[in-house]
Each structure stands twice: as C-alpha cells, then as structure tokens.
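Once you've had a glance at the structure underneath, I'll fire off some questions.
To keep things simple, chains are lettered A, B, C and D as they appear, and every chain counts its residues starting from 1.
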Amino acid sequence: MIKVAIIGGTGYTGQELVRILCRHPRAKLEGISARSGAGQNYADIYTSLRGFTGIICEDFGDGELIQRSDVGFAALPHGLSGEIVPEAVNRGKRVIDLGADFRFSDERVYEEWYGAKHPCPAILKRAVYGLPELKRNAIVDAAIVGNPGCYPTCSILALTPLLKEDMLEEGSVIIDAKSGISGEGRSLRLGSHFCECNESVKAYSVAGHRHTPETEEQLSAVAGKKVTVTFTPHLVPMQRGMLVTAYGKLKKGVDAEWLRQLYIGYYQDEYFVRVMKEGVMPTTGQVRGSNFCDISLAVDQRAGRVIVCSVIDNLVKGASGQAVQNMNIIFGFDEKDGLDMPPLYL
Amino acid sequence: MIKVAIIGGTGYTGQELVRILCRHPRAKLEGISARSGAGQNYADIYTSLRGFTGIICEDFGDGELIQRSDVGFAALPHGLSGEIVPEAVNRGKRVIDLGADFRFSDERVYEEWYGAKHPCPAILKRAVYGLPELKRNAIVDAAIVGNPGCYPTCSILALTPLLKEDMLEEGSVIIDAKSGISGEGRSLRLGSHFCECNESVKAYSVAGHRHTPETEEQLSAVAGKKVTVTFTPHLVPMQRGMLVTAYGKLKKGVDAEWLRQLYIGYYQDEYFVRVMKEGVMPTTGQVRGSNFCDISLAVDQRAGRVIVCSVIDNLVKGASGQAVQNMNIIFGFDEKDGLDMPPLYL
Amino acid sequence: MIKVAIIGGTGYTGQELVRILCRHPRAKLEGISARSGAGQNYADIYTSLRGFTGIICEDFGDGELIQRSDVGFAALPHGLSGEIVPEAVNRGKRVIDLGADFRFSDERVYEEWYGAKHPCPAILKRAVYGLPELKRNAIVDAAIVGNPGCYPTCSILALTPLLKEDMLEEGSVIIDAKSGISGEGRSLRLGSHFCECNESVKAYSVAGHRHTPETEEQLSAVAGKKVTVTFTPHLVPMQRGMLVTAYGKLKKGVDAEWLRQLYIGYYQDEYFVRVMKEGVMPTTGQVRGSNFCDISLAVDQRAGRVIVCSVIDNLVKGASGQAVQNMNIIFGFDEKDGLDMPPLYL
Amino acid sequence: MIKVAIIGGTGYTGQELVRILCRHPRAKLEGISARSGAGQNYADIYTSLRGFTGIICEDFGDGELIQRSDVGFAALPHGLSGEIVPEAVNRGKRVIDLGADFRFSDERVYEEWYGAKHPCPAILKRAVYGLPELKRNAIVDAAIVGNPGCYPTCSILALTPLLKEDMLEEGSVIIDAKSGISGEGRSLRLGSHFCECNESVKAYSVAGHRHTPETEEQLSAVAGKKVTVTFTPHLVPMQRGMLVTAYGKLKKGVDAEWLRQLYIGYYQDEYFVRVMKEGVMPTTGQVRGSNFCDISLAVDQRAGRVIVCSVIDNLVKGASGQAVQNMNIIFGFDEKDGLDMPPLYL
C-alpha cells in the first residue's frame, strides 16, 4: 500500500479523491490538508463519508504531510502550487496537480491566460500532461503530473483520432461544451446559487475560457501542427456531467460508420473510452460517478462536417478519477484500480 | 373581442395558449377541441387554470368550433391539419398553425424531411411564415400563418442581422441549440421520463432534425442566397427555455461591440427582441414565461468567428406566445396585447 | 396611481415586488433602495426586467424615498425596520413590512424566538398581521402591515376552518412543510449552493423554526384558545413553491367530503383560495408565479386523523404577492389588481 | 461464486441489481429475464453498463433461468410471482422477491390493500420479511425473502428503537415521507413525465398507500402490540433518495441526546445504519448510491413529541441493495459484500 496525501482537500475534487481512494486496493490515505477547516473531521464536512474515513484535516501551511507520503494530490486553486510542489519534488515525492499550474509546457502561455506569473517555472520541465490515453508512457516517470482540466479531457478525447489522421480542415474546429454546476467548485458565488442556475442554461467565458490554450497545445501536438479552436463552455442545471459537442470540416467525404470504426480502432486498448454503437448518442447520465468517456460520431453530409459527442463525469474522468488513473500508472498498478465501478445510470 | 378557437388544445402549447388568451384584452376563448379528452373540463386537465377557464373540451372531429370563431389556433401533430385548415380557410377563417404543415413554401421540402405527403399542398401558397420580426407585413393578410418552430425562431433571430449584412463565410454557420424538456411535448415517452432526462444532457437528431430546412429557407431568404447550416439540438434538464449558440466565420474583422450596435440598430423597433449589454450573456431563466428573445454577441478574434447567443422561452416566443403575437398582427391589435408580462426570473 | 417605495429591494422578494408592481394598474414604482447595490440599474441586477423598469437603486441610509411615496414595502432582514418604519409611520406613510418585526402582538415572543430586542416596540400596536383572508377589515386602517411568513401563510390557510369549528384535539397539530430553495433568499450560503441542495431533501430547524410562534399566535386567535403546533420545515430541490402537509386528530368522525364542503363554504368569497375537487391533491407547480393557495383534505379513518395539503408560491402568496394584496386592501383597490395572472403550470 | 438470476430485470430495481452484482466478489450474474426486451443486449437498454455485462435478456415465460441458478431475484410487479416463485422454491432455489407478494404474513392483509387474490398463499409461511436489521437470523434459512418496500424500510428503521422501548403514545405515530421519482419506476406515466413532476412537490395516496400495512405489521411486531400509523408519501423532484420524517408523542420527557444514545446503542452492530452527530440532520444526498440509512432525532419539548429523520437511497437500501444484503446473509457472505461503496455526495 502506498501512502497518499491530499493537499487542499475540502473542495469537490478533494471529496471525490477521498471517495475513490478510501476503497482503493493499493493506496492508503495518509492525510488531508486544508486551508480552511484544519482540525475538522473530514467526515463532518462530507457526512456521506462517515465510516469511510476518520481523518482530521491538517494545517495547510507546513509541508509535513507530503513528506510522510509517497504521492501528493494537489487540489488547489491555480497559482498556489509554488509553496508545495517544488519542495515535494525535491524530496523525491511524486505530485499529481489537479490545478492549472503544470498543464502547459510554456509558462508564457500560462501567464497570458491566467494573468499572473507562474509560481515555479523552473520545474515545469519535470511535468507531464496527465491524459493517460495520450501520454501514458511519459506519465510513468514524471515527477509532476499536470492533471488535465475537465473541458480539455473531454475535448481532446473527442478529437484526437480525427486530428491524428489529419481529417479536419484548418481553423474549422469548434468545441461547444455543456457542464454541470459542480465544475464551478464549492466556493460560494452567485453563479452557483441554486435559484440563479437551476432551470436555466447559459454560455460563459465565451471565446476566452482558460481551458482553451491547454486544449490547443495538446491537439496541436496530436496533429503535428498548430490547431486553433473556438471554445464555448455552458452551464447546465445538473450536478455532474459534461458533454462536448465538437465540430470540424472534413477534408474528404466519409460517413459516420467509417469514423466510428476509426475511433474503435484508435481506442481499442483504452478501458475508459467507450465508442457508442451506431446511431446512439451518449448522455452524461450514463457515465455518472465513473471514469468513462463515451463517444459518438455523426456526419452532416450536406455541410461536409463531422459532429463528435463525448461525455464524462467532470469530477471523475474530468478531475479526481483521472488523477487516480495517473497515480495507478506511476506506481505500476492496474490502471483500473479503484476506478472500476459501474456508473450510476440514474 | 374576437372569438378564438384552439384545435387540439390539451398539449403544452395548447395550455400556454389558454394561459395567455384567458387574460388577453381583445380576444375571448370560444372553445377548445381535443382528440382525446373531449368532454373533460379543461381546468381539470390543467388544475393551474381553475378559475381562469370553465371550458369543456369539444370533440375534435367536426369543424364546428372553428366556424363559430374568428380565428383558429391549430396545435396538432404535423400532417393533421388537412382535415381542418382547408375548410376553415374556405370559410374565411384565419388559421394560425403551430405545427409544421405550413412552414415551407415548397411542399417537396416538407415531404423530404417529414417523410409523408403534404396534407393540403393546394393552400400552401396562402400561408405566411409567422416570424413577426421578419414577416410582419405579410402576416397581416395571410389566410394561414405557419407558426415557426422553437429552434428556428431562436436561430433566425440570432443570425438575421449578420446574414442581412452578408458578414458570414459560406458554409460556416453552425447552430448548437439547448432546449428544455417541454419541447418534447406532453406525450409519454422514455426520453421525457424524469429519471431518464434529469441530471443529464444529450444531443439528438444530430445532422437530421426537421427544424433544419425551415431555418435554412428563412435564412436563405434573408441572405439572398442559399444558406446551409449544421444544426445540433440538445436536451437539457429544465422545463422551459432554449439557448441557441450560433457560430459563423466573419468575412471581415469586427469586434463584438460593433456587432452589438448592428443588432441594436436592426432590432430597434422590435419590442420582443432585447440585445444585452456589452459582455453580458443571456440565460434562459431571464425570459421564462415571456415572449422575449434576448441576444448577445461575442467574437473569437483568434479564429475570426462570431458567436451569437440567443434565448427564448420555447413555449412562448418559441410557440404559443408567438402565435398570439401573430394573431395580434392579423387583427390589428397592439402586438404586445396579452404578452406584456415580465419574465419569472426564478 | 399611488407611489410605491421598496426599501431593501435587491433580494428575491424585492424582485417579485418589482415584477408584480411594474404591471399594476394603480400603483407606480417610485424607487428602490438597497443596502448594497445603490447606484446600480435594477434591470442590470435582474436582467429579466429589462424594459420593465429603469430604476436606479437608491442609497438605503436616508429615508427620503419613502417620504416621496404613499406606501413603502420593507424587504429587510428582521431587526432592521427600526431605522425606517417609525419615522415613516410618523409621517403618515403606510408600511408593509415583509420581515418578521411586525408579525407578533407581543414583543416578548419576538425577542424569545429571534434572540434580540425588538427594534421599535412602541409602534407594535399600530401593526396588523397581514393575512387578508383572516384580517381584511383590520388591514384597511393599519399603519403597519406585518406581512406573514411563507410557512405561516400556507399553514394558517390550511388549518383555519378546522380550528374555527373546534374539530381538532388539543396538542394534535403537526405541520410538515416542504419549501423550494428561494425561501432561503439570495444571500450566498452553503445551504443554497446548487450542488449542496440539488437532488437532495432535508429537514432543518426542527422543533425550533422562527415561524412557529407566528403560526401559533394566529391559530390560537382563530381557535379562541391556545394552539401549540409541532412544525418541521424541509428544503426541496426546486426554485419556488411550498407544500404544507398538516395533521390533526379529529374530535368526531367526519369524512373528507364533509370537510371539503366546510372549506368550500369557509373560503367561498376568497378569490385566492381554491379548494380542490374531491380526491385531487394539489401540486406546488399548479400555483407557480401566482397568488393562489390551493387546498385538499383527506381523512385517515383508521387513525381518526385529518390530513390537509395546501400549496402556495412561497415568493408570491408567501411574500410579495400577499404584500401587494395588502396594499390593494389598504388603498381600496380591487384585491386582485396586479395579481390576476394565471399560474405557470410548467 | 454463486449463480444469480434476475427475473424481470429491465426496470430500475433490476438495473440497480445488475450495477451492484456485476462487481460482487462472490456472486455471478447468470442471466436476466424480461417480459419485454427478451433478446436485447442488457447494456443496450442501460448504456451505462457497457463493458460490465454482456448478458442478453432471456424470455420471461419459462422458468429455466432460475433452475440453473442458486438464487433468483424477482423484480416483478406485485401479483406476478405466482408463476415463478412456487416452482423455484420447490426445486430448492432461494428467492428474494422485490415485489409485495411476500411481505405479509397474512394473505388477507395483502388482498385487502392490493385488491387481488394472493398469487400463491400456500408458500407464504416459507417467506421471511427481509429487513436484516430486524430479521437477520430468520433470513438465513428462509426459502423466500419478501424484500421490504422503500417506505417501510426507511420508516421501520426510524421507529424501531422507540417502539421497542415502548416510548410512544398509542395512535400518535405519523410518517411523512418524501421520495425521489425513481420510486415510481420506469414505466411511462404522466406522474413521472419530466414537466409534470419537476419543480413541484405533491402528496399522493394519502391515507391509503399500500406500504402502510407492511409498515404496521413490522412495527407491531417490534412493539409487541398493535401499532397504527398515519402515512403520507410525497414525490420530490429528484431521481433517488427518500426522507422519512416520523412523529410520535413521547410517554415521558427525554431529550434528543438521550434518544440519540438509545439509537447508537440499538444500532451499534449495524454497519448500514448511521446515527448522525448531535444536531445534524441527514440529507438524502449523503446516502446516494449506497446502502446506508442515516438517522437523526429531535424533540419538540413544547409538544412532548419526538421527530425522527431517516434517509436512504430508495433504489439501494430501499430495494436492490437490501436485496443483495439479504443474499449475502442467506449464503453466509460478509453482509457488506458488493455494498461497501461510499455514497456519491453530489
């Protein structure tokens, strides 16, 4: 059993980490630190976990928790990793960062989109982008895993085979994404107030969301050339779940079934990617609570355009489940360890 | 006071018609017919309307109801207007049809997308597409108004000024729409079962929804040339509301504020279209229960693409409210009569 | 047209007041004051109201707004009326207070349950409890109307005829209430955070909710003797709506239909109370957005117990609609003025 | 590994059985039969389960499936067990029936409340009521387990310690229950149509719900005398979850903490019952997807009344999870096998 630390564990991604890790066959939760809430019984914050953990939250400040662990999950707002990660890495600890600080190879992209200096550019080179379906081999030896954002995870899995095969016209990719409210986190703000978001849908951060450059860097690497996307996220009144509807102009005429076979082939060894049967579009409910990404394809022959629909649970494959998948890869465990639960269909 | 008949009034659009008409200052509900439910007190079907109407549903079969009225709203499944509308028109009654039968100028388009012979092609020429913001003058004298579908209403209002000004590259228009479940109607089907659609979002009828050709015919007329769109509807777990996120490649570089001024100018005399303030994206909640269409614009300068967001209440501006607006135009009433209620923000 | 002021108008009850008053045939909104938000365009806070009001929020501090009006609605947290109400009353303005400060005839009850000194006990005698169905005559001349809480409104209307007729055993009344989340207000707190309350139901303030003594004072007055109730409020994941399920042991054997006739008789002149048909239980949806209270009765013959179900929209009959009803009574308007809209069934 | 059959497995309780059993360490799903849907791939009906089961639904008619299994779960509408259960029992198979047919010791009670002859009264004596916390020892050897209804499970666990200790006045028990919509099943009916039940709450089957006599029989056995309850179920707009708010007059004055200690003591060996910390009321969300029943107690000292709040996931502890718990008991497995997953807090 390896020992696991969660740094900043009282938000929703922290809760999901605890939910998954408390039944992981090869990992033991060593401790949880929290900026607020130190001294509190974790199961008093999340009463659901009563009986599953007796951990008392530790003070955030001192890095002692990660020192007595083998791996640390950092579930912090972006920009805060600087105090924790460099020292941990220096001591040989592995770090899986669920924030944005280690998702870019170039700190200038980070600084442009996040509007702040990178907290520790010196160690950026030691980080690998933690999307196992693309980077499995590099993750094994990475000191730091920059765990992907939810939108990029869902978008990149949706588009990779098409870009790999160079099937899309340049500049034609649009990603229209729909997310449940948990993506907004547990912090109080008017936008997540029940009466403000229930029974309503809206777009936000149109043409300016911070997950855009992360998606573009990875898709460009896949395509072997610069890929620019138009990305529009939306909030939908549900707790969990994300649907990406991605559009691209096809360079040549193919049909949906041809593309489906392409995807089946491409993802044939990927347990957590499920290509749907012909003509069946995925729903976010069908992956609830699980680490799956389900994908369907359609072609608008009149417009020569492909439409890819992909769904994930934004808190699992879009955050904490993928983080555990990365941990499994790093430590040579079965990639499904702790993650092999069927979804809650309803 | 004119006398109004509702033909096929027990579905959700029928209910909305009754809700609006029962307080209309110049129209009186003469009767409601129903295929099922004849003999029932309407306020027993919709208990909310207790005290607002005492109407007993009439038998659907005989067309007597419309004969004793000045205008008939037909809220029927497509293909059923044939029994009712031709006779009514022959007797000089005005008909506002909320189904699909009179939305196309060319019956072949109808037959291709609806997979059936048109029920009464001979009178198609006497029908006008009932989107007041585009067709007000023609509606005045139309024997039949083909009341637009919800998706086309929201999409056409979103895109008209751009196409009028010839600002979009050919073949670049994508309409990604999100609708509440009431758009599926009151008939029982698994897709509208609470546990199947709640806490979930999905695309459906991808690249094949029947509202596509209707949208294209109107947008082509606006643009003065053939416009093809890729249209993807989605179902979102809420009762009412529709958001269209429309994309197009801009022919020349303009910014969002320039476009906003274009829209403000274009819609300056349209009471029911509200262009949002700079930087504010509309939510479907903000038009709940009302006849408004709220619109915002953004530009993705990196991709040279405009993103238009427009919201309506799918049952009001997307169906019954617009039908009453058309009635007001036909009879020379104030277009706001019966429709000037503020939205239910929450 | 009378001039109306809203003191503290940026919360949900304030928004509902504006929504109702902006189409009131005999009242004109003179101004809105706000503790926070002074200087803001009200329609920027609630974008739904764009075009319905151009009011800029005024500073809360000075009482000038109410001086230039005929009546003031105070929509303030309890305890804050002291600065505003006494002076307004002295100047002969009528005040309708939507908070708790004027709901009790005895300031000691207020102080016991609210844990604070009453802000202005000297004027308590000039206040009348604003439940029109019980107090219409007294409201006409009241300087101050203490507008009832949502739970008491729904509970008192449910139980009054039974207590008036002395049909319930002492100590047998239980009120189990279910409220939508808007009852919690617009302030940010974890309990109204979407992911914390959606898809979940819970009881709160069990055996200690502040609406208990208010309900008991009014029911005791109806019964002509002390009535004690056990009251349990619950939060249900919906925006609006409240259902009270009230229980009492019957002193004598009667059936549901007998009781239904009793209620029909008792409420025969009350437009806003609708007794349901035999065997039909009300849903909160059927009164959405309206000022109605719908009531049904059942008898558990095995246990000799009556079960009364009553529903209201907590923001309308439970707050702002009732406040406008009180205003209509005070100024001799038709009690339905501004309130006669049909509910939004869905 | 034992072999398990599901008879009538295409509804929601069937789906939950498959979800739980597909990862059970000691049971293997042998087959699923279905009245409709025979020949269909189960994972096409519930796409969430793709990769977890490859079972093709079998024809319902012939009982061959149960013959080749060790235990059969019958997930049928009440009254249909007659064709299946007697024969299975005769062949020595164990049957866990999720319907109502084996929940009563006296067939006349069944016939009175269900309005039909019992399908197989001859074998009623061989059935045990499957609430492990009350009947564990008897379940071990039962030929048939009558798996409890969701409302009775939640109600009986809430009230047992109080009745065991004879603390409640006769005739004083009221059970006010709130259920998610999945309790209505997957069959299409207007009451589960999204737009009819979303954003609304209602009582139904007031004073006449069929779970009443089941609850009373078990509570009477606990109390050692006849217990009559008034039971009012409500539907709340959420998928899963049930909250029981139970009321009773206390015979003597005790406080909530005293009662809490009583419950802690009574349930100290019950893994699936969690008594909440002082002052914390349970939410249905905190048991989502799990087999837990969480309980809190409050006392209304003014009325001498106890209020017990208990929550379960109606599809798990209220149906399929409890059925698996019963299977574990029958076969001598760890009672937590397959059921030890933490809840989905959100």
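The working rule: a contact is a pair of C-beta atoms (placed from the backbone, for glycine too) under 8 Å apart; a residue touches a chain by one contact, two chains touch by 3 or more.
Keep in mind it's a predicted model, so treat the numbers as computed, not measured.
Shared contact partners of subunit A and subunit D, listed by label, are B, C. The chains in contact with subunit A as well as with subunit B are C, D. Set side by side, C-D and A-C show the greater C-beta contact count at C-D.
Centres computed as Cα averages put subunit A at a distance of 46 Å from subunit C. Mean C-alpha positions place subunit B and subunit C at a centre distance of 36 Å.
Averaging Cα coordinates per chain places subunit C and subunit D 38 Å apart. Multi-chain contact residues of subunit C (touching two or more other chains): 12, 182, 195, 198-199, 237-240, 282-283, 285-286, 288, 346. Touching subunit D in their complex are the following residues of subunit A: 12, 15, 19, 22-23, 44, 46-52, 182, 199, 239-240, 271, 274, 276-277, 280, 282-283, 285-290, 294, 315, 340-346. The touching residues of subunit A, counted against subunit B in their complex, run 171, 174, 176, 178, 180, 195-196, 198-204, 206-207, 228-230, 232, 234, 236-241, 243, 245, 247, 281-286, 288, 298-305, 307, 309, 311, 346.
The residues of subunit A lying in touch with subunit C in their complex are 12, 181-182, 186, 188-190, 192-195, 197-199, 237-239.
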